Structures are given as structure tokens and as C-alpha cells.
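By letter and in written order, the chains are A, B, C and D; residue numbering begins at 1 in each of them.
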Amino acid sequence: MNIRQFKQRVKKCRHSLAVRQTVAFNDVDMMGVVWFGNYYRYFELARAAFCQKLQLDFEHVQKAGYELPVVRSECNYRNPARYNDVIEIEIYLVPPDRPMVIFMYAVRDLGERLLAFGTTEHVVCLNREPLISWDNAVRQWLPEELFDGI
Amino acid sequence: MNIRQFKQRVKKCRHSLAVRQTVAFNDVDMMGVVWFGNYYRYFELARAAFCQKLQLDFEHVQKAGYELPVVRSECNYRNPARYNDVIEIEIYLVPPDRPMVIFMYAVRDLGERLLAFGTTEHVVCLNREPLISWDNAVRQWLPEELFDGI
Amino acid sequence: MNIRQFKQRVKKCRHSLAVRQTVAFNDVDMMGVVWFGNYYRYFELARAAFCQKLQLDFEHVQKAGYELPVVRSECNYRNPARYNDVIEIEIYLVPPDRPMVIFMYAVRDLGERLLAFGTTEHVVCLNREPLISWDNAVRQWLPEELFDGI
Amino acid sequence: MNIRQFKQRVKKCRHSLAVRQTVAFNDVDMMGVVWFGNYYRYFELARAAFCQKLQLDFEHVQKAGYELPVVRSECNYRNPARYNDVIEIEIYLVPPDRPMVIFMYAVRDLGERLLAFGTTEHVVCLNREPLISWDNAVRQWLPEELFDGI
């Protein structure tokens, strides 16, 4: 996914949320910049906040037998972040075309400079089996926003 | 706990195990040394290997209603470790005087130089309640070595 | 350090700061509670914010040849924190009696319930040698609050 | 990158290395499986071992003004890994067609079952500027294997 593809996909997203985080001392490597793998922790923070906004009750969903395991993750790095930098992680919910939930993420500094962008792709599983189609049952448990446009 | 106290307590331990680990790039901070909090991850590695050696079946124990939550952790830092250093983490099982499991840890480089030493202290809980005394039930589930000397 | 000792030492601290953090999905272990080692990451967050409040310019201090390596860390665990819990980490600066910087930390939930408390102890090094006494040079570089009461 | 593309690219790689690691307690999330972001830590372990095998002296390279920052990372997840599982991470060096270093990774269990596969892509920077072409200078500093086939 290059930056053009990212921007095109994000344009179609109707739901997003931005969270702020200060870069921790232990997020930074011996080169003085955030270690590349830690961006996935930033993605996770944004996703948790987004799921709360959607009132996606994790335990509720889990008890109903649903899971949303990550099947692919990707991050592209444009500019480094450093210790004590305040960063903003924006998460976008991509309109689904299959029983998958796809999030896109942009990490920016407070001057709106893009530091990184990426994605996590999640399949919807019921009792450990991936769903073939969105059915009515899953629509009872997952927030309406996930089915936006279906 | 100072180094003298550590050595005295370790002398009484009859069970120990050493594991080796190479310091990962992302374990090291911007000062070029292992971030202090990562030593607890090294302790965890040694404890996992030690529990396997004792044939402590985690799931088995858990199903029987037992847990061993950490109630205290401590680490003392003597010499830094750096990227790609091979370190040896030795774990010692302290003979118990109450229904607690106490581990001590020493982290050394391959030249036997002490880098850090510390402890984790675990209470034994049955159905989320701390045990007051070692009873026969718990002795069925936990390895004999844990009761050594009782 | 037991809870009584903690409370007595904290009472003497004149400088403190509280930061809030939401427990991340990846902070939590397979028992559904924050993994014990992650509390040191929470301590680090509070210390970074506190150093910013003191206007302790990390790079400035470093260029002047000073370092504050951790020589001991300790954490006591009282109540578990779970995924999405909002926690408050309060950091206290202990008045120094030697060229050491000692921080104490309390982690609480929003209902003021104590989850954990601990400490990190730092020696002051100049050009990699620990300082024997607070001298005038170090007082130029480090914030006045660190010498409070000396 | 799907599994077919991965296999095709890996077929052309002449240099690879496999390292073993036991899944740590704190690598696993509350669903009982390795948190997706931790696979990048496994990738990092394999890369460190591979660079050692190539005798790529990190400090040497750094002093000469070179850096190899990650510009893209990706991981695809096929099967979960659990606490205490022994996993094997194989790293492959992709023959370069530009001044980039591309690694591919496969994570398998000891029964050769594929758990995850992915990539990290690194640009070669000299004094913080990306190289346009492989020049003779860089070939003095980087291992011959990186230029295999050029």
C-alpha cells in the first residue's frame, strides 16, 4: 500500500477517531527513534478507543462466540518520532465488502506531518470458524457502523 | 535487598535453572543499554523454563482453581547489558516458609559478571482467595520441589 | 517496602504529579490482568511527564555528561487492572539524602483504589562515574526541586 | 502479499537463517494467543542473528554514516502461537534490485506448520540521505551477500 492508495481508501471511510499519545522512553530504540514494531502498539491504542466509541463490548461479543483476529498488519514509515513527542493516531473504519473488518491508521505529529500509515485486517469468526457472509446474528452483536453501506 | 542478602538467600536454594538469551535490538533504550523494565521480561523467561522443568502444567493448575499472582517484584542493576550481548538468567526457588512461592534471579554475562539480581514473590490463591496454609490439596497440584523442606 | 513504609515516605514528598493512562489490550496477559512487568512502563510514563514538568531537559543534561541510571526498581501489587481500565499513576519525588534521585509511584483506579505502588532509585553519574556528593555543577544542570531540603 | 507471492519471492533467496524462540508468557494476550504486534519482535530476533552471521558490525556501519531504517513492515497471520510454544523464525534475504535491503520472514511451529509470514523493507541511508544507487563505498561496509546478483 503506497501513500496514494492509502489516501484513496481513507477518503471513503465515514467513521474515524484520533487519539493522542506521548512517545515513551522505552518506545525509542538506540538510534533515538521509535522502534518500528511499536507503531502497532499505537494502532492498538487507537482501535481500543474506537471500539469503545462504537460501544463494542468486547466481553459481550466474546461470550456470543465472536472473535476478530488480525489476519494481516502493515505499516509504512515516513518520518521518525522521538522521545516525548506528542503524536496523534487516527483510525479509520474501511467500509466492508466481505465479512472482514479493516482499519486504516495514520500517525502524525502535532504539526500534521505524517509519520506512518498502515492497516490491520480482521476476519470475523463465530465459534472459531471464519464467517462466509454477514448474517443477521452477527449484526445483532457488532455495531451498526461496521456494516455501513452494506 | 542488597547483594549480601541476595547471596545468603540464594545459598539456601536447592533448585535452580539457567537460561540464555541474546539481548534484542528493541530491548535496548536510547542510551544504548537494556531498559530497566525489560529485566522483568528476562525473569519471566527463566520462570517459564523453570516451571516446565518442574512439569508445572499451567493449564492443569489453573483448571484446579489455583493461581500464583505476583505480589512483589524487585530488581537491582549493577552493570548494563547491550544489543546482541548473550546473557544468562539464573532462577532460584527459595524454600517457602508460608504459602508463597518466592523466586530469586541473577542475570550475568558470559564472563560471569553480575548484571542484575532480583526477585518475584507469588501468593498461592485457590478460587481467587490467598491460601493461609499449605494444605494437602495444593500439594497434589504443585510440584514437590515447591514444598522442599516443609 | 510495605504499604506503611510507602505511605510514610510519600508523606514527606513535596513534589508529585499524576498522569492518566488507559490499559492497552497488549498490556494484559492471558489471565486477563495487566502483566506485572508492565507497571514499570506505567512508572516510566509518569517519570517522563514529571521530568517535563520540572523542565529537565534530557538532551541538555546528557550533553553536560550527566546520567541518571536506575539502580533499583520495585513494585508491589495489590489489585489487578484490566483491559480498558483508566488508571492514574502518581509519581512522588523523595527528598534526597545522598546524590541519588528516588521516585515513588502509586497506581490507582479512578475510584482511588490502590492497584500497585513502587519505586525507582537513580544514581547521578557524571561522565559515567557516580557522584559522591551533590556539587555546585550538578545543581546548575538539574532542577531545583531535586535538591529540596538540602 | 499473499502466500503464493511470498513463496515465489522466497524461492529466489540464496541466504537464510532460522532461529528458535519459546513464546513468553507476556507475548500472549488475553485470548491466549501471541499478540499480533509481537511477531515483529520475533522478526527482529531473526534479523539480529542474521546480521551477526553476515558479520554486519552495527557500530562499524553506523560510524561510517550508514543506517538501514525500516520503511515498511508487513505480517500475515495463519495460525496462532501459544504460551510455551517453541517457534522457528526463518529470515530470507531478498536479492536487491535497488539500494534497499528486503528481508522476508516465516514463523513456523516445530511441526513445520506456517504460523505467520511477513517482510521488513529497509532503505540504505548515508548521512541520513537515502542512497540512489549502490556505490562502491557502501559495498565496502555492507556484507557481500547483500549485493548478491548485482
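Simple rule for what comes next: a residue touches a chain if its C-beta (ideal position, glycine included) is under 8 Å from a C-beta of that chain, and two chains touch if they have at least 3 such contacts.
Bear in mind that the values here come from a model prediction, so they are computed numbers and not experimental data.
Chemist: When the contacting C-beta pairs are counted for B-D and for B-C, which pair yields the higher total?
Modeler: B-C
Chemist: Among A-B, A-C or A-D, find the interface that matches C-D: by residue number, over half of the contact pairs should be common to both.
Modeler: Comparing residue numbers across A-B, A-C or A-D, the repeat of C-D turns out to be A-B.
Chemist: Using C-alpha centroids, which chain lies at the maximum separation from chain C?
Modeler: Relative to chain C, the chain whose C-alpha centre sits farthest away is D.
Chemist: What whole-number Å value describes the gap between the mean CA coordinates of chain B and chain C?
Modeler: Between these chains, centre-to-centre, one finds 24 Å.
Chemist: In whole angstrom, what separates the CA-based centres of chain A and chain B?
Modeler: The answer is 36 Å.
Chemist: Rounded to the nearest whole Å, what is the centre-to-centre distance of chain B and chain D, using the mean of the C-alpha atoms as each centre?
Modeler: For chain B versus chain D, the centre distance works out to 31 Å.
Chemist: Which positions in chain B touch two or more other chains at once?
Modeler: Only 25-26, 31, 37, 41, 44, 83 qualify.
Chemist: With chains as vertices joined when they touch, what's the shape: line, ring, star, complete or other?
Modeler: Basically all the chains touch each other, so complete.
Chemist: Looking at the complex, which residues from chain B come into contact with chain C?
Modeler: Listed in rising order, the residues are 31, 33, 36-37, 40-41, 43-44, 67, 69-77, 80, 120.
Chemist: If we count contacts the way the header does, which residues on chain B are in touch with chain D in the complex?
Modeler: Answer in residue numbers: 22, 24-26, 41, 44-45, 47-49, 52, 58, 83-84.
Chemist: Could you please specify the touching residues of chain C with respect to chain D in the complex?
Modeler: 25-26, 28-32, 35, 37-38, 83
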